[in-house]
Each structure stands twice: as C-alpha cells, then as structure tokens.
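This report refers to the structure that appears directly beneath it.
For reference, chains read A, B and C in written order, and residue numbers begin at 1 within each chain.
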Amino acid sequence: MRYLPQTDADRAEMLALIGAASIDDLYVDVPRSAWLDGPVDLPPHQGELQVERAMAAMAGKNLHGGNAPFFVGCGAYRHHVPASVDALIQRGEFLTSYTPYQPEVSQGTLQMLFEFQTMVAMLTGMDVANASMYDGASGTAEAVLMANRSTRRHRAVLSGGLHPHYREAVETYARYGDFEIASQTLVPDGVEDLASLIDDSTSCVVVQTPDIMGRLHDLRGLAEACHAAGALLVVVVTEIVSLGLVRSPGDMGADIVVCEGQSIGNPMGFGGPYLGLFATRDKYVRQMPGRLVGETADSDGKRGYVLTLSTREQHIRREKATSNICTNSGLCALAFTIHLALLGEAGMMRLARLNHEAAQRTAERLATIDGVTVLNESYFNEFTVRLSRPAADVIDALVERGVLGGVPISRFEPDNGELADLMVVAATEMTTVEEIDALGNALAEVLS
Amino acid sequence: MSDRLYSKDHEWIEMDGDIATVGISEHAQEQLGDVVFVELPDIGRSLSQNEEAGVVESVKAASELYAPLAGEIVEVNETLVDDPAQVNADPYGNGWFMRVRIDDTGQLDGLMDEEAYQEFLAELE
Amino acid sequence: MTMVTSSGHRGLVMDEPLLFEQSAEGRTGVDLEAPEGRPLKLGGLEREAPIGLPGLSEPQVVRHYTRLSQKNYAIDAGFYPLGSCTMKHNPRLNEKVVRMPGFAMAHPMQPQQTVQGCLELISTLAHWLTTMTGMPGVAMSPAAGAHGELAGLMTIRAALTDRGDARKRVLVPESAHGTNPATAALCDYKVESIPANERGRIDIEALKEALDEDVAALMLTNPNTCGLFEDEVVEVARLVHDAGAFFYADGANFNAIVGRVRPGDLGVDAMHINLHKTFSTPHGGGGPGSGPVVLSEPLLPFAPLPYVVVDGEGWRLVEHDDTGKSFGRLRSFHGQMGMFVRALAYMMSHGSDGLRQVAEDAVLNANYIMARLKGAYNAPFPGPCMHECLFDDHSLKDTGVSTLDLAKAMIDEGFHPMTMYFPLVVHGAMLIEPTETESRQSLDLFCDSMLHLMERAKAGDAEWFHNAPYLAPWSRLDETAAARRPVLTWKPAAETNRAV
C-alpha cells in the first residue's frame, strides 16, 4: 500500500526488538470483546485512478460557478484567484507544516501570519487582528463572548440584517453559554432603530454591512450610541472585497470587526473551509480569542516572529481560556495573504470597483423585467429583488433553464411569509455580460 | 528574619498598621518564569478572603492572584504595567502588587510565618 | 557566532523582509480590466482613507512566499514526532481531487438539486466514519476538533435538558488536552478534574466518588494522552451511564485503533474525529481542521444543523429543525467540505484493510521507539503503549538540561521537537508519536539521535543545550520580550517596529 513504508520483514524485526510475538500483543490492553477480527465492512484499498474516477463521478453531478451563469452570494462569493496563489500554497513547506509552536523552524508561517494580521487590520481600519478563526459566523459568536468579557455584561443585540447563519450560531453559543441575545427581525423596507434597544445591560450591538440584503449602513451614529451606554459595536462584513471601496468599520467607530475572508484567495468549495477575520482596538487585545503572532528577535538580534499572548488560550488557561479554539484557518489565511499581496492597494481598489459596476449592470438589467423590483438604494456587489412569485419557485425554474439565480431569503427564513418573494443577487468581477443576459432572459420568461 | 507572612497560594503579606502589602513569593516567581503581564484590581474594590484579585501571566503560564485577607484595595503597583519583570527581579520589594486595608487582623492567624512557609515548600518537593 | 554576509542571505537561505518593506505605490501583481467609471451607488459610504496595502509585482510576491516557505519545517521534509498531533503524510491525490471544479466552484446555497454530487460525498464520508466507529450517526459540520467537542457537549446538554435533567458538572481527567475543560466552560459547565492512577489511567475510585446525579458527562481521551489504552473503559462507560451521564470521547488519538476497535463498542456516546489527524488532511501551518462528531442513538435527535439525509429522490440537506430538538447551528453553511473531499479520498485509498494496517503500523512504530529509548529515557508507565510513547524528565535530573533544552537540540539534529510538557501529569513530559508514515530507517535515525543527545546531556554539556538551536535559520527566539511589549502589526516608519 503506497502510503505505508514498512515491509513485512520490517514489521517482523521490529516486533522481535520490542519482544512481542505479534501485533496483537501490543493491543493487549484493549478488552478482548471489543477486538475487531478483521477489516470493517467497507471497500478495500484502491489506487489513485479508481479514487479519482469515483470523485470525478460525484463532482460531475454538480452545476457550479464554472459551468452555469452564476449569481449566488449571501456570505460566499465567486471570485477569480490568480494562479500563483494555488501554486504557492501547495508548496509542501506551507501545506504540510504544523502550527508554529517551535518558532525557530516556522518563520515562514509566522512571518506570513504577521503580514496577514497587519493587512486585516488595515482593511478593517482597526489596531490589531488575530491569526484567523474558523469562519465569520463562529467569529461573530466569539466577538459577542469577548464583548461580554470586556464589559462584564451579558446581553447582546443582533441586527435583523445579520446573516441568518451567523445569528443562529450566536444564538447557539448564547443558549449554552448562558447569556442573552435580542435578535431583531429582518425589515426589508425601512430602517432598523438599534440605538433604542441599548441599555446598561447591553454588552454589544452586532450589525452587518453590507447586510444580508446587500444594503450598506453608516454606523457612526450607532457607534456613538453604543459608547455612550458603555457597550461595544461589533461590525460584521461577509464580503471582504467590499472594503476595497467602502468606508471601513474602524472608520465608523467599531470596537470589534469580524469578516468572512473567503472571497480573497479561497474557493467557494461548497461551504468550507472558510476564513474568519477578527480585529479589534489595542485596549481589548488581551480579551481577543484565537492565535496571535508578535514580533521579537532571536539571540543574534535577528528580527523574527512568535506566537504570543498564548496564556489566554486553552492549552494554558484550560477552563479559564478566552475560548476553546486550537486550530486557526492557516492555509486559508496563507491563500488570502498571497492573493492580497498580488492585488496590493491599487489592485484591491480596482477589484472592488469592478464588483460594484458588475452589480450595477445586473441591477439595471433586472429592473427592466416585469415582476422584478430592485429594493436596494445602496449596495456593493449584492442586492435584493422582490419578485411577483415566490423566490424559491423562481430559483427552481431558473435552474431548469440552466441558470443559477440568486439566493431566496426564504431558504434562511422559511417561516417568515413576508420574505418569501425576496431573492438576493450577487455579481462580481467574474460576471460577464452574457451571464447577465442569460439571467435576464430566463427571469423574464419565468415571470411572464 | 522578616515579618512576612505567607499564604498557601505562595503570596506574601507585610503589615503596616492596618495596611497589608501583598506580592508573590520567590518560589512563585521562579515557577512562573519571566512575568510578561500583570492584571491588577481596581482601587476601591472590596475583596473577601481568597477572592480572585487579578492575574499574573508569564510566557508559559497564567496564575490567579488571590486576596489573602479580606479588605479594600487602597493602592496598586502601577509600575508593574510597564515593567512586569520587577516581579521576577525583586518579588519582595519593587515587585509588590497591591495594598489592602484589612478590617480583621484575626485573619492573619491563618497565614504561615517564614519558617512554616519554608517547611511547606519542602513538603511540596 | 554565526557567519555574517553582506546581503543578509546565507547561501540558499534568504533573508526576506516584510511585504510592506518592498512596496511601491501603484504597483500591482494582477492585471484587472479598467472600470467604466460609473457613479457609485454606495449611499455616500465610499472609502475616503487609503487602506495602506503594499504594492508588489507577481515575481516579487512569488519570490517572497517561496523564500518564506523555505524557513518552515514540514512533514514533506522530515519527521514530526509530535504526540497527539498525528503528523502523517498528506497525499497529493487529495489536493488534486478537492480542486475538481464540481467541488471547488460549487456554492453552498445553490438549490439542492444542483449539488447532489456534493451531498453524496458528504453522505459517503459520513457512512465511512460511522462504520469505522460503530456509531449510528455523525454531525459533520464542526470546523475543527475543539469545535467538535463543543458540538458534542452541546448535544449532551440538549439531551439532558430535554429529559428535564439539567446537570451542572463535567468530569475531565487531569491528563486531558486543554480544549476539553475550555469547551466545558464554554457550555457553562463546572469542570472537575479526575486524577490518574499510578498506571497512568483514569482513577476508577476517584471517578466513582465524583459521579453523581449532577454530572452531565465524562470527557475521556482513549487511548489517553499518556499513550495508553484505558483498559477499564467498558467499566468507565457503565459507571457513567448508571449515573445518568454521557460518555464523551476525545477522538484525537483514533489513529491507534482505527479499524481495530470501534468506539461504539466501548460505550461511547459522542466522539469527535480530527480529520486533520487520523485522516491525513493537511495541517497547513495551523489549520483548517475538521471535527465531525459521531453520536449514539440517544444523542442523535439533538445533533446540530445542518445534516445530510438520503431520501427516495436523492440527497437532501436538512437546514431547519422541525422536531425542535436539534441544538442549532455552530457555523455558517454546511461544514469543511474541502477537508471532507480530502479525507474521503484518503479513506478510499487505504480502504478498510489499509486503515486497519495504519493503526497497527502506528502502534508498532511507537512501541519500537519506546523499546529503543527506554534504557536512556525514563518511561513513567510500563508498556505496551499505543500510537505514542511518553517519557518524563527524570533522566535529565541533575544535568541542568530541561525538556525544552533537549527539544531545541533536536532541531539541530533535523527533527521537529516532540510534544513537550504535555500531558501535565508527569514532569517535563516528552510525548512522541511517529505515525505509520515513518519507515524503519527514519525511526532508527531518530532514536540514534535521541540516544546521542541524552548521552551528551549526561556528560555535563548543559551550556551547549541552553543555547540550542545553532543550525536552524533562527536561533532561540525571545518569547518573553514578545509578550511583554506585544508588536502585533507592522507600522510605517514613524512608529518603527523594534528589532529587540
């Protein structure tokens, strides 16, 4: 078997040196009743060719962003990743290396993470960022926990515009961590008044921009209201590319910023692994969960990097840790960093602008169709339309015409009838004029 | 021989009237290693005996600081914010953490004197 | 003192500054079309301040990250004897298949009829995992092992609440991985530690004393973090169940028993599996991981969302809970699909016969190391061990050399250090896990080096150890300075980063 180097001769000699008659002797501590006599009932080993074929058969059953006109967003986006990114992340020294606990032999990972932390802080307009979380949703839950710790309060207010998966994740952590959540309902037409919900038991207000419908929000007033009451403002950004064109959360008074970083460097990949970005102000740094990389020097005075402030973490604090997190999203963070390094300031800003223009073209085309109303006054690369039929049915009908339209909000909120005719449509730098035409034509047909 | 008294948590106390100065012992700073950060309680806070008062962090460990005696925090050693290394260099002098006004000197009876503390340490080995 | 060159490079090992120190304004490494220049529809929220990102061309970026990669140790390059980490070979077939567009370019919120292949893959992997573990079901969505522990405990808490029996305490052995008590605390449980007995296993008498109607669960790693199989595990499970509690198993050490023992046969109620350990998904310098949790019959109704079911028409993703029993969602979307594809490719490659051989070779390799080293190194618990072997620092007593010093000296010998100071139940712990990936020659070279280092320590050469490593690209780094004055981001020249 190609992954196993030991030969039968090796095994026999090694057993002899150990002083065991057979491998069974080494399993002597396992209760006899639990021994499996032979391999379990699953297929035996296969060569690469067979495995590839089986995988290709499953992969071949899917429509996706490469073989159909594609407008799906809501927290994961189809973007183009330059070829260098994948080539570099597949270098064995990155792909197959361990967590950098031994800094002398991990400076590749550590320096990259220092660059990553710096660029996340730059994009979000904050002082400091960690070395990544699992995804935006779990990061948001951790942000609420952090706000609770920092303010010593136990009630968080969640905007109705927050991605429903994110809201559900926070609610789960709250139910089991014994703190309160006041979740607001999505208001498709009209403005939320979150400031009126803040009182002296509020640890934080969590708000997303662009929100689940793609609307952009000026949070400066809300930030002031939070701070006046001693609460923190947590801002969530699910499309990181938006920060190439839109005012940063740090610039609007955020105390903690959580983003989904998938859009840069990482494929949609049917939902994971993704990349949680987490940033905050200097004064809260010791309350921040997750790994942190800091600068230092070695005994020759050479600049280097190490994991630091680890005493907050599980392996030292155990039940008093800031979180239970062990892994970060290392390889995804690497892909993000390399892609962002290639884009640079000029590339990132241009990429964002291209995204916004693609969404404008798409919105303009859809607005001409009978039965479609574009609801957003503002958007980055994603907007919501109201349809003359239930959106979920429309999406299925579009599939029959080979088009992957947007996401029906009813998929997230099946019980809220008021949201049933809403569809969220995303466009990016990859969206072509042909795709927009295909969507427009198909939609016109379906709604006629 | 000093007038210092010690708690089982390896903290020391020196009395001056009704004010107790509190720090951690030589043994404790050695066990912790290089101290990198100290979280001190707020002045004015009232603590009961053995209540958690703060945290001492080194590179490899973090230890709670407890109030060896009940009382009110009247002073904390702000210099430890910029120079936590003093805890290692001078644990009984410049490495002090906080000063507590205690209400009940009877609590001192529960603490160990120098000799008793050294015996306590020997038993731990 | 190391030789100094004028460039700062040293032969093939290049000195590489930060991205920000090589930046030029306006420069970029991508060619994007020019925008049309339409008026913006951002509601007046256009960015006014620059971001501050650096500007480099493609060759500069490629060279930068290539040079950085050369400063990393990796399994592709050498042995990682890290106990509890299962640093095994990461096959490139897995990388090839995960990049198939049908997986890579599928979006999690596409209509389900358009992603049946993805759902089939998740379902197939779930079947392999439940069959290997002998459990009726599995929650696939947790993003990593610790996340899986959280899912497991939340499932347990949901089950107890449902039967009107909310309990407040979770028992965790002293030797447990730090994530176990941290996870229990996140679930608002009070954590109680159970000591080990002199054989390195959980102390049954102490367990009996601690078990009562207020205990929700015992979290046990088996094989445990001392590398030993908990031989009384069936009795442990019985005691836990008799007290009305649940048995949570930390599956980090599954590599020792995969294909030889099924946790379901031992009375386990929930166990997370680290796909990045037993099932070879790459560690990637710290992640991502994936931590599916296998669940017993009583716990299944409470499993987190979402999950995949098979019905007459194909595969279906269940995202909303009509039963009211699921404890909810822990993350966005469906799970670490990229790790699922890799893990399934690995499992299919090995097959059930190969996976059983994996466990046997892993256990053989660890016992081989133990047999070769135990004369010179002190093993606190008599063998046989499972897939990892544990030594303490008794043999270093009076040498002036610590476990840490020894570890740094291993770097010069070309090995990543073993796991140090864990588990906490022995002094100066050294936990060594070879995995089945290491050949006999690789193990012999490692053992020879370890024996040589111990001889050198005993010969009184403490000073040499204190300043190791000498041959790594960096010498020992000052972690104290990093923690005392944290510098966590690069800042432009005005607020210069200190080098020391």
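By definition in this document, contacts are C-beta pairs under 8 Å (C-beta built on N, C-alpha and C of every residue); 3 or more make two chains touch, one makes a residue touch a chain.
Computed from a predicted model, the values in this text were never measured in an experiment.
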Farthest CA centroid from subunit B: chain A
Can you name the chain whose C-alpha mean lies closest to the mean of all the C-alpha atoms?
C
Of A-B and A-C, whichever chain pair has more C-beta contact pairs:
A-C
With centres defined as the mean C-alpha position, give me the subunit B-subunit C separation in Å.
37
Please report how many Å separate the Cα centroid of subunit A from that of subunit B, as a whole number.
44
What whole-number Å value describes the gap between the mean CA coordinates of subunit A and subunit C?
20
Mind pulling the residue numbers of subunit C that touch at least two other chains?
479, 483
For subunit B, give me the residues that contact two or more of the other chains.
36-37, 57, 59-60
Out of subunit A, which residues touch more than one other chain, so two or more?
311, 316-317, 320
As the complex stands, subunit B meets subunit C at residues 33-34, 36-37, 57, 59-60, 84-85
Complex interface listing, subunit B residues touching subunit A:
36-37, 39, 57-62
State the interface residues of subunit A toward subunit B in the complex, per the touch definition above.
286, 310-312, 316-317, 320
Can you name the residues of subunit C that touch subunit B in the complex?
421, 479-480, 483-484
